[in-house]
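Quick heads-up: structures coming right below.
Note that chain A is present in both complexes that follow, paired respectively with chain B and with chain C.
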Partner chain A sequence: MKTALLPDGLIRTLTGQALAFLVALSLGAVIILLIDENPVTVFTTLMRGAFGDAEKIAGTLLQTTPILICGIAACIGLRGGMFNVGIEGQLFLGGFAAAWVGFAFALPPVLHVLVAIACAVLAGAAWVAIPAFFRVRYGTNEVVSTILANYIATLLTSYFTIFLFKRPGGWSETPPILPSAYLPELFSFSRLNIGLLIGLFLAIATAAFFRWASTGYAVTMVGSAPKFAEYGGINVRKVGFGVLLASGAVGGLAGGIETLGVHHRFMEGFAPGFGFDGLIAALLANGSPIGTIITALFFGALRAGSLLLEVDTTASREIITVIQALIILAVSADLMMRRRGDRTGERRWKF
Partner chain B sequence: MEVLSTIFNVALIVATIRTTAPILLVALGGSFTTKAGIFNIGLEGQMLIAAFFAVLGSIWTGSSLGGLVIGVAAALVFALVFAVLVISFRANEVVVGLALNILAGGMTVSLMKAIFGTRGSIVGRGIVGLPKVHIPGARDLLGPYAQLISGYTPLIYVAFIAVPLLVLIYGRTRLGLYIRVVGEKPEAAEALGISIVKVRYIAALLCGLLAGLAGAHMSLGYITMFTENMSSGRGFMAVAILIFSGGDPWRVLAGCLLFGFADSLSLRLQTFGFPSYLVLAVPYAVALTALFALSWKARPKFIRETIETMQRALSIHPAKSETPDAPSNRS
Partner chain C sequence: MTLAVDLKGITKRFGAFTANAGIDLAVRQGEIHAIIGENGAGKTTLMNVLFGLLQPDEGTIALNGKAMAIDSPAVAIDEGLGMVHQHFKLVPSLTVAENIFLGMEIRRRGLIDRAAQVERTRALSQKFGLKVDAEERVAGLSVGIEQRIEILKVLARNARTIILDEPTAVLTPQESRDLFQTLRSFVDDGMTVIFISHHLEEVMAVSDTITVLRDGRVVATRPKQELSKRELVRLMVGRDVSFDRRPREVAQGKAVLEVQDLWARDDRRLPALKSASFSVRAGEIVGIAGVAGNGQTELAEVLSGLREASHGQAKLHGKELVGRAPAEIRALGLAHVPGDRLARGVDRNASLSTNILMGRQDKAPFAKHGVINWTVVQDEMRALIKRFDIRARGPKDVARSLSGGNIQKVVLAREFTAGGDMLLIDQPSRGVDIGAQEAIHDEIMRQRAEGRAILLISTQLDELKALADRIIVMFEGRIMGIVEGNAMDEDAIGLMMAGVDPADVKEHE
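So, the complex of A and B:
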């Protein structure tokens, strides 16, 4: 990853990214025209919905939090050469586990939060453990196994919620968690909570880990040059397993923070697409946790803006999914990369 | 009582054939890309976009054939984008595939809102479903068993006929040979003067064609409607099948029958009062278990090969298995 950190490489990556961005936005404008909307109106509405006033900015940050944490989960995986597409599932199970601890047990305030978060982390890690085991032991493709696991996780949590722990008289949701398990909120006017700070801290810690820790270097090597890592005496399997487990754990954490901080209960479909958004954010940031902060903020703004978009225009909020996908496609095409050779050794996911 | 159980069994087999067909079509499509050495995770999106445009086309043209053509065309456009990015621009196939899946999901919902002004699903509104083919004389010959071979939509026959057809294509035609060479040994293909890019484009487009048919069958076959994300992971199941079948048509058929059976069984179990959420998870669990079980079964071969090459190569095995999704295996 050294070259990517050098100014020269960074500038080229950034210009490439910016160009791809423009291409994607113009394609997005075409699609918006196709659905009979004015692209300028759509984009300004998105921006107004995302940054219009303090409350809206807080809303953006609220949406950013799970995307950021899921993005870090994806970064960890990508660095170790693993595509953890199952973050969505880990998020759901983590969210449910945290909610369960939140409503089923009565514990002292701070301890309650810590236990709930720990359970979320464990649930996320446990959910990825089986695909991870088969991945490192027998080479089972982790992309497909984690995607399929997502569907099972979503249905499983729905089953728990509706058949086992349904709030009497409620609509497909668990009983609310006890106030002792609430994450502290940052402002009085928003549900924005310390989850955002946890996410930011985690991003910096992950970046530092990959930058300075020798284990971090080992993970990066396993991801980019597994044979080299093997010759260097690294247990590639063990590291790969650990990477997926850590990635799943962070995915579970994202779910836990979402239920403890925002919804205060587990609801069916409580966090649609956050896992995928996180993965996209991480890909867009080329696997850099610090870069993921920026991309997650961007996607969070899109999501927050899309709420206003749905109110003010006839466009559906899914149009932002289209824009996100177009950006990823444009970036993946690597439009600036005329000289491919100099980076092939560094690029693990050809991005 | 015996008669009752017979009918029950026949009905289950018929249901299995019905649910197998779309996944079989999409998996056979994926077989082309798998054989050509492309890991195509975008099948899901191609199916979904085809399902949507098939409904749209059938409303526009007022005929199911029109819907079919427009649906397949939409899938082909997605397949072409995939091919351009992955083959020409050499983007990562997983990234592009996932992005196209997300794009298909977002686009169908956005267009549905823009065109029909609704969310969720499109029902009625003049959607013309595919006709059912009644084989003449089947009822006289087979009696109650006639429904085993007659009364399906045309695409179901297409799906099952495509299996031996693909075997023939791979085994007997130049194109099939080229596809296999390009997938197994691109260097050899290059040495022979075969255009790798061209063959891979053809494979990707053939894949789009079959995925489009699968998608059209989903929305115009037995259910004539479109719902948000109606492909619900069938494309991913197809990818799972492709991974453990290696794209071999007969094995693909076996895998698809397994999922078709799991799917129809889960629908049946639902009527017996099992919690629907758990029952709905059965096909995914079957896919996942099969994926794990078969990769575990493939282990002895792996180990044999590695022992042959090197004594201590055992520990290198995970590094070697890295290649299917790592970019480095494609020159």
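So, the complex of A and C:
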């Protein structure tokens, strides 16, 4: 029983996603009603907070940047069939490594940034190398090991910050980095920096890599049909290891850009949840780097909008976490339902 | 005599596709009625309509002379209908008796009465001559026994008319014969059997009446005596198809593949291939016969580098294959059509072009400097669609939208054009229509004529008979004997497939 799937399927995907989105928003509205707020006010405040004026838009993009880069890190993993849940930890270590290069060494302007970024990338890759090794050598589930690695990474950076490199007197943060290691800012009115452009470039480059590179093809095949890939002569273990390493490297990059571009120092707990948001953004975009640009922007807007929400309404900013969760729930339910229908085909009607 | 099943004008559409078009089917009580047709002819749809799993768009159903609407399997079961599905639905961790009474447990004071279930199972088993151990766990039982349990399940629900969907697809010849005997005893008891198949021999062997479906229509319903195998094929396919041995020149090439004392273990780490030695010459087809699971898969996997050999040698053009990675072996000139084609042979969710690229994603002209040229890949796929007569709309079709036979042709197209001069073909026509099978055989013979060395693994003796120059028979991982294709003695091969040396039998006679 053959079915014409493609154009039909795309329409179904889009309407399905839109429906899921609407369901999530209306559920969100119900919860907002429960806390005695007006959903319309809350949503418009969120929108104003995210896109109200140039400054607000820049704020949204500033929040989007780390989510986007973390999302790309997740996309790389997902394509190769690896679920890197440890992006958060790679981000922290990458952030710390970049900051360390930033304050501990005096280098000429451009070089300083490059070295700091390179160290961030290396730190991320090195951190994921441990779970990656156990995954390809002994088949350890990478989800578990990367989650656990997150705790070690965040606590390790806290230890470095508090006990080894603490700025005398102040908060638990490292000394500020030298201005030569600052990422160039894009506008005078915001801390928005070229990190966003790096993220966008990376998204397009990753998409192109998977579309046109021979290696990208091998990675995609290992992810979608590992037995087929093995049969076709692709070294599944090597690719799996490489994929995790690349994913971790990009995770480290996200951290480096965040410290060099925004905070100009490493602070304990400096980037809460960006790694996880990125992972979710990538999942919602079904592993597509280009799609992740949009989902990351959406999450960035929610984060940025929530700041105004707290000022202008009685709703707590945590409400955006609730809305975010509802959207994830609705979209993944839609995905699951469609997948199930496709897989069983005609037999859908059976039991 | 009343009709056990009387379908009139059954039409079932899926969107624009008509799976059943005005089908009439009359099954008399006490007969074995075979329904035969190619994949997609509408057999399974028809049976699902009969069993209440699908609702017909038009037409009427009468069971045992009573017109009725069957809107769920429960109605069908109440009316004495039972269905044995192609894929068994047993719970491995439960015992035979527990499986049989799953969903209709015998209860006493609200608790399951295990003793009564076991007793009933034994009674059923004895009554119908289906030997099972009621208290054994299903996990680890052979498929033949599992099928017996499925049949007992149906009998325990008091079925008088039993539908079997492709029942022999998973059985050994011996198990099939036992099954046919059981079915015979059912009809002797006055029960009715509807038997779905696309396997000609067994339909001819077991049925009383045969209904042939093609493209969703009934093309003939006739008593078996009035049909020959050749006619049956013509009815099924709509044209003449030959199963005769293919004419050929005798192979004279030099040995391409030489296997010497090769051993390997299966996934459970038990020896699965034991001391295999043979060779394949250029321009020769060497067939490997055997009941599925007697080491053939392991042999293919070892030769293609997917499984480690525990001992021995395999040389391709004098170069050792053992210990090499699949990519290196491919580079040495071995192309492999895997037996498990949906898991190994394709990515079902990817386009045909993506599938055809495997193994050549970094080779010119498909890629230069690590960058894939998709235009070239798609042109190649278009050419292959034409050359191998693949029924697809174009290179962007998703593999899973194709029928089994066409997916197989995609795999063959990729492997036959990979440039290797050693072809390892595992189950070329498993699940493939007769028409497509003929085309695949044509292509294999063409490869032979071009001087390729071919190792052909098949569980279908007919196929080996038509194609192979020599046939190796395997049993429990050992080579039982090698038979010349020209003077093939089917009985001898059958005995060897069961692990008996024909020479021993002759001595006893």
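Criterion: the second predicted complex is superposed on the first by the 324 of 351 C-alpha atoms of A that agree within 3 Å, B and C clash if a C-alpha of one lies under 4 Å from a C-alpha of the other, contacts with A are read in each partner's own complex, and residues count from 1 in each chain.
In the analysis below, a contact is a pair of C-beta atoms (placed from the backbone, for glycine too) under 8 Å apart; a residue touches a chain by one contact, two chains touch by 3 or more.
The model shown is predicted, which means the values in this text are computed figures rather than measured ones.
*Asks:* I'd like to know which partner A:215 touches here: chain B for first, chain C for second, both or neither.
*Replies:* It touches chain C, and chain B stays clear.
*Asks:* Check the residue A:232 against both partner chains and state whether it touches chain B (first), chain C (second), both, or neither.
*Replies:* In the superposition, A:232 touches chain C alone.
*Asks:* Between chain B and chain C, whom does A:45 touch in the aligned arrangement: first, second, both, or neither?
*Replies:* After superposition on chain A, A:45 lies in contact with neither partner.
*Asks:* Looking at A:306 after the superposition, I want to know if it touches chain B, chain C, both of them or none. Which is it: first, second, both, neither?
*Replies:* A:306: touches no partner chain.
*Asks:* More residues of chain A in touch with chain C or with chain B?
*Replies:* Between chain B and chain C, B touches the greater number of residues in chain A.
*Asks:* Is A:84 contacted by the first partner chain B, the second partner chain C, both or neither?
*Replies:* neither
*Asks:* After lining up the shared chain so the two structures overlap, which partner does A:143 touch, if you call chain B first and chain C second: first, second, both or neither?
*Replies:* Touch partner of A:143: chain B, not chain C.
*Asks:* State which residues of chain A lie in both footprints, the one left by chain B and the one left by chain C.
*Replies:* 227, 229-230, 349-350.
*Asks:* Under the stated contact criterion, what part of chain B meets chain A in this complex?
*Replies:* Spelled out, the residues of chain B in touch with chain A are 39, 41, 81, 85, 89-92, 94-96, 98-100, 102-103, 105-107, 109-115, 117, 119, 232-233, 236-237, 239-240, 243, 275, 277-278, 280-281, 284-285, 287-288, 291-292, 295-296, 298-299, 302, 315-322, 324-327.
*Asks:* Taking the complex as given, what residues does chain A use to touch chain B?
*Replies:* Going by the criterion above, the answer is residues 31, 34-37, 81, 83, 85, 130, 134, 136-141, 143-145, 147-149, 151-152, 155-156, 158-159, 162-163, 226-227, 229-230, 236-237, 240, 276, 279-280, 283, 314-316, 318-322, 324-326, 328-329, 332-334, 340, 347-351.
*Asks:* Hey, which residues of chain A end up touching chain C in the complex?
*Replies:* Interface residues on the chain A side: 1-6, 212-215, 217-218, 221, 224-225, 227-235, 346, 349-350.
*Asks:* Where on chain C does chain A make contact in their complex?
*Replies:* Contacts found on chain C: 14-15, 17, 19, 40, 45, 53-54, 304, 306, 325-330, 336, 338, 343-350, 354, 357-359, 361-362, 367, 370-372, 374, 396, 398, 401-403.
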